[in-house]
Amino acid sequence: MASAPLPVTVAHGGWERFTPGQRLGRFTIYLALVAAIVASLRTIEIIPEFLYDAPDQVVDLVTRMWPIAWEHYPSGVHGALMETIHIASLGTLLALLLATPVGILASKRLVPSAPLNWLARLVLVSSRSVNSLVWALIFVGIFGPGPLAGTLAIAFRSIGFVGKLVGEALDEAQPGPIEALRAAGAPWLSVLSFGYWSQVKPAFWSIALFRFDINVRESAVLGLVGAGGIGMALDAALNLFQWDRVALILVAMFVVVIAAEVGVTQVRKRLL
Amino acid sequence: MNATPVADSASPYVFPRHRTAQITFVLLAVYVVYAAAQMEVSWERVQAGLEHAGRFLSRMFPPNFERSELLWKGLAESLQIAVLASALGIVLALPFGLLGARNLMPAWISWPARLIVVLARSFHPVVVAIVFVKAVGFGALAGVLALTVASIGFIGKLFTEAIEEVSIRQVEAIRATGAPFTSVLAFGVLPQVFSRFIGFATYQLDSNLRNSTMVGIVGAGGIGGTLFAAFQRFDYDFVAAILISLIALIMAGEVLATAVRRIFIDNVTLGGLFRGGTPASQERHLEDD
Amino acid sequence: MAEALILRRLSKAYIAGKPVLRDIDVEIAAEGITAIIGPSGTGKSTLIRCINRLVEPTSGEILFEGRDLARVRGVALRHARRQIGMVFQEYNLVERLTVMENLLSGRLGYVSPWNAWRRRFPDQDIARAQALLETVGLTGFANRRADALSGGQRQRVGIARAVMQEPRLLLADEPTSSLDPKTSVEIMQLLADVARSHRIPVLINMHDVSLARRFADRILGMEGGRIVFDGVPGALSDAILKQIYGGEDWLH
């Protein structure tokens, strides 16, 4: 990852770290950043009463959360937790299935058709730009509340991520073996399976594991808009102001996220 | 992952069967069927949904930009939340990240710092936003605080990793000159981590922009609230307008992030930025997107 | 027909107005080893790659097996490529696959993608692969991963893969340039033996003149995008070499 060389000498014999052109660029950024921050501070609506009230509110929150409602776990939380994991897993698998062709279409090397590349890239960008919660809202609107909406939301959100990285992995594959297979008269699909797949396999699974890890986190909150999983239990407890149950759910979320990370790390070690 | 070939006198050569891979695939298939059944995914539901989807999509078009004032207000607020959360998050993440570096700090400092960072990362920003809404009330402040926490979790971790991967030799060389600790930091450690830091700072800004559009759903300000309300009122054409603006905003954010990276990491001049060319610094940040 | 390959007025210009190949006219017989020598950048590699269309010629004809390869497209091009084996300077094996899989990849033009994915190759292909492994001196290497092999071993696999296609023509683009002198001789010997025993004409692109002299039946010298010498190795005098390569010091 080389960067442009930094200039060393200036005409009058001094040493400057950056050329005037580079300095201008850096200064512009600093200026823009400061301007953005100042503008935001001035226009953001903060209601002072709420702010002064905050410490009391926090104390109130903590007292209501303790003791944590452990007994509620088997009936209210466990099923929802499992559902969250299913949503994350199925969503990730579905995303792998859907993202692979799109990633292939986005790769100039494999599909040298500019309009198809552009269309695939558009699909990928849109998928990434829309939040999983928003996707969940859309799918709850279409399929009704429940884990089906959640799974589709996770899947559609992940397509952009997986597709982009898979496309990049394909572009980075060594050209030599591909050339050899083409020279032997192999059909396009065989070049794909023998030449490209064998090279990108480790990257592919790495991307899949990585996205699964993120998806566990994302799946947990989808229930807030009705898309199934532990989020729904959270939503219910919040609506009833049962903060001790909320605490339980937060702990459960934390444990699941950590467990998923540990699991993924183990699989990575043994696979790659 | 090679198994020994199974050969028998009848066939001359058999491909080595990758047992683990095959078993894994079978297990995965079984799991998919099981999980789908648990979720009561039936073909009828999917079909009904597809019909519904058709109606849904038709109600979304054409997108309705009439309530543009509301739209702009919401987008502007999301932008403010993202900017402030990123600024605050970066400022706070630096000390936490530094304190968590095991090669610079003793264990009794680094472990608590790392724990705080881990906690900050483990909860989805929306969940954190819920807690802050309770603490400081509805509005953008809760959003800013929630995303600040998320930023600390992300940048803190990456910053610590970057510092721990620093070449210790360069640091020793500076130390050997008798420089004070802060100078050792400035000349020995920071130059090595600076470009990576810019990378994840811009990444986090982008990520915060995406998340800030969402925290509104739980009342923490920004366009999320407007979006949620539109959904609940079945104003799907307004929803479409919001989504389109969101995508445009995020794409603009990505362009900006790339520009910042090119100026700071590739040392491109302002003119060079507009002239274009392929950037060398397109690092993929593998955390959230 | 007596000729395996006929090139007529073959030209290639990567940048318009600066041709790398100028009106190449040559006929390659159906047997024997032909070596192309010449300085770097003179178009040797381009010439070889034009024949199987890895590079698109600008104009001219490539007559092979009754068709003009410069014109074929799609499936016809693939079928033509099946008949032409190629050995590469960097071996171009699929690193993560085994030696056997690399050998069988030479038959991918004959097997459907679905069967290829499931590794269902015809028995006779597998038998032929085993026999070829012995021929190139790699018996027992069938299940080794390609990236576990040395350079010389990889090139042997490369040669075997090309022969697996049962080609009518074998192209070799600087097959020994990445190998040490001793291995280079071994590989050239192998190439020559295999080509003769399987009766496949070979067209080799190489920069080592002594190797060319030793193993080739016919030598084509290229300079400035044209063929300036065409004859037996014995007729390759120092004067001619000087004309092709320029300068004398390297000759001694």
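For reference, chains read A, B and C in written order, and residue numbers begin at 1 within each chain.
In this text, a residue touches a chain if its C-beta (ideal position, glycine included) is under 8 Å from a C-beta of that chain, and two chains touch if they have at least 3 such contacts.
All values reported here derive from a predicted model rather than from experimental measurement.
In the absence of subunit C, grouping the other chains by touching gives one piece.
Compared with subunit A, the chain whose C-alpha mean position is the greatest distance off is C. In whole angstrom, the spacing between the mean C-alpha positions of subunit A and subunit B is 6.
Inter-chain spacing, taken between the CA centroids of subunit B and subunit C, is 50 Å.
For subunit C, residues touching at least two other chains, in rising order: 101.
Of all the residues in subunit B, the ones that touch subunit A in their complex are 28, 31-32, 35-36, 38-41, 45-46, 48-49, 52-53, 56, 76-77, 79-81, 83-84, 87, 122-124, 126-127, 130-131, 134-137, 139-141, 144, 195, 210-211, 213-214, 217-218, 221, 224, 227-228, 231, 236, 243, 246-247, 250-251, 259-260, 263-273, 280-281, 283-284, 286-289. Contact residues on subunit A toward subunit B in their complex (touch as defined above): 1-4, 6, 18-19, 21-22, 24-26, 28-29, 33, 36-37, 39-41, 43-47, 50-51, 53-54, 57-58, 61, 82-83, 86-87, 89-90, 93, 125-126, 128-131, 133-134, 137-138, 141-144, 146-148, 151, 161, 165, 168, 210, 214, 217-218, 220-221, 224-225, 228, 234, 238, 250, 253-254, 257-258.
The touching residues of subunit A, counted against subunit C in their complex, run 174, 176-177, 179-187, 189-195, 198-199, 201.
Interface of subunit C with subunit A (complex): residues 52, 54, 78-86, 88, 90-97, 101, 105-106, 108-109, 111, 113, 116-117, 158, 161-162, 165.
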